[in-house]
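Before anything else, here is the set of structures, which you'll find just below.
Shared between the two complexes below is chain A, which has chain B as its partner in the first and chain C in the second.
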Partner chain A sequence: MSEAITFRFDVDGTDFTSAGQASVQVKKNLRQLGISPEVIRRVSIAMYEGEINMVIHAGGGEAEVTVTESSIKIVLADHGPGIADVALAMQEGYSTAPANVRSLGFGAGMGLPNMKRYTDEMKVESEVGKGTTVTMIVNIPRGT
Partner chain B sequence: MKISTIAELLDAQVLCNEQDLDKHVYSACGSDMMSDVLAYVKDQAVLLTGLVNTQVIRTAQMMDMVCIVFVRSKKPTPEMTELARENGLVILTTDKRMYEACGKLYANGLRGNVTKDE
Partner chain C sequence: MTVSQFAVLHGYDIQTMPDGEAEVSSGYAGDLLSWVMGRAQAGQVWITIMSNINIVAVASLTGVSCVLLAEGVKAGADVVEAATARGVNILSSEKTAYELAAEISRDDPGLRT
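On to the complex of A and B.
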């Protein structure tokens, strides 16, 4: 693969049931590109958590995944309420999700920490009232 | 442990992908919180849960799991079963509660958080 390949998705923020569909598609696309299963799993889990966050907190947004020979970059951008204290939001167990989200199996304060755990680089840019952009990079080890 | 053994131990009903009962699982996880599942589980695992929504199937799909057991007689919706069928996940349902179901599998040698090679 000599040139970068980019996939773009709109994440629907109105329907929790369909949340994760972009991640499912990315997983399929990466498999077709012959990326190793371990890298695919890390990318799909990180993106899936991010997608769920966009649906729970921000009313959806846009996802862009760029694949090069050496890495996979995931950019998730929303126009939601923003995160006032990013360091606090990164702590395991801290959550502002409403109780009904917890009854759906999410909102345990694990989303952002999981995204960090599965990626090699992660940057959260957020402005209260404007939105949040999360950029994550997963490196592709040579020879995989 | 073979999925067929899990079905036997839990006296479970098989809801889809019966042809895959001979597949092996090497690890198990019992949780209703999908983020916990996403944080800790290794590959070729079985998920035991009492949560019923589409995200359970999608979580298992993201983790490359092979089987989901719904405890406490919970049953997935037809849409969930179809999604599981398409993605090669065996779905079981048991009337056992989470504690008992996990205990039975553990007592018969199925551990948590291990991979195929361990």
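On to the complex of A and C.
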């Protein structure tokens, strides 16, 4: 693979039950590209968490995944309410998710920390009232 | 041991088993999906009482060998359908998560972590 391959998805913010479709599709695409299982696992977990966040907090958004020989870049962009205090949101256990979401097993305050844990680089750009863009990079180790 | 053998050995109810040949490694118990997402390992049996549709995505993305629903919880028809389509095995039992973990550990020394 010499050129970058890009996948784009619209994340539906109205249907919580279908959240994760983009991540599952990316997992399939990466498998077809012959990416190693561990890299696929890290990308799909990080992306799923981001997808869930977009559905819970932002009414959906767009996801873009770019695959090159050396890395996989995931950009998740929404036009939701934004994050007032990113450092606070990054803390494990901190959550602003509503009760109905918690009853489904989400909203434990693990989403952003998991995204950071499973990626090599992560950047959160957010403006209150405008939206949030999360950029994550997972490096592909040589020889895998 | 395969999921198919595992289910028969313990007498768990099979709600759907589209991939009975998946290998069972060890186990993980938890109901907070993000927590499970971050910690469950591929091949593990995931014991939970959570049965909403999102367990299918979590099971698929983490690569657990099966979901084992505890305390008589059953997955609904929509969840079973989605799981079958995505190759996610779902078993169920009347026992508690504690009892299931203890039972699996006792009967299958190879699955102890």
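Basically, the second predicted complex is superposed on the first by the 144 of 144 C-alpha atoms of A that agree within 3 Å, B and C clash if a C-alpha of one lies under 4 Å from a C-alpha of the other, contacts with A are read in each partner's own complex, and residues count from 1 in each chain.
Going forward, a residue touches a chain if its C-beta (ideal position, glycine included) is under 8 Å from a C-beta of that chain, and two chains touch if they have at least 3 such contacts.
Computed from a predicted structure; not experimentally measured.
**Q** In the superposed arrangement, which partner chain does A:Gly20 touch: chain B (first), chain C (second), both, or neither?
**A** After superposition on chain A, A:Gly20 lies in contact with both partners, chain B and chain C.
**Q** Please work out whether A:Gly111 is in contact with chain B alone, chain C alone, both, or neither, and reply first, second, both or neither.
**A** Both partners, chain B and chain C.
**Q** Kindly list the residues of chain A that each of chain B and chain C touches, one partner per complex.
**A** In chain A, positions 16-17, 19-20, 23-24, 27, 37, 41, 44-45, 48-49, 52, 104-111, 113-114, 117 sit in both the chain B and chain C interfaces.
**Q** Which part of chain A faces chain C closely enough to touch in the complex?
**A** 16-17, 19-21, 23-24, 27, 37, 41, 44-45, 48-49, 52, 104-111, 113-114, 117-118
**Q** Could you list, by residue number, the parts of chain A that touch chain B in their complex?
**A** 16-20, 23-24, 27, 37, 41, 44-45, 48-49, 52, 102, 104-111, 113-114, 117
**Q** Would you mind writing out the residues of chain C in touch with chain A in their complex?
**A** 31-35, 37-38, 42, 50, 52-55, 57-58, 60-63, 78, 86
**Q** In the complex, go through chain B and note every residue touching chain A.
**A** Its residues touching chain A are 32-36, 38-39, 43, 49, 51, 53-56, 58-59, 61-64.
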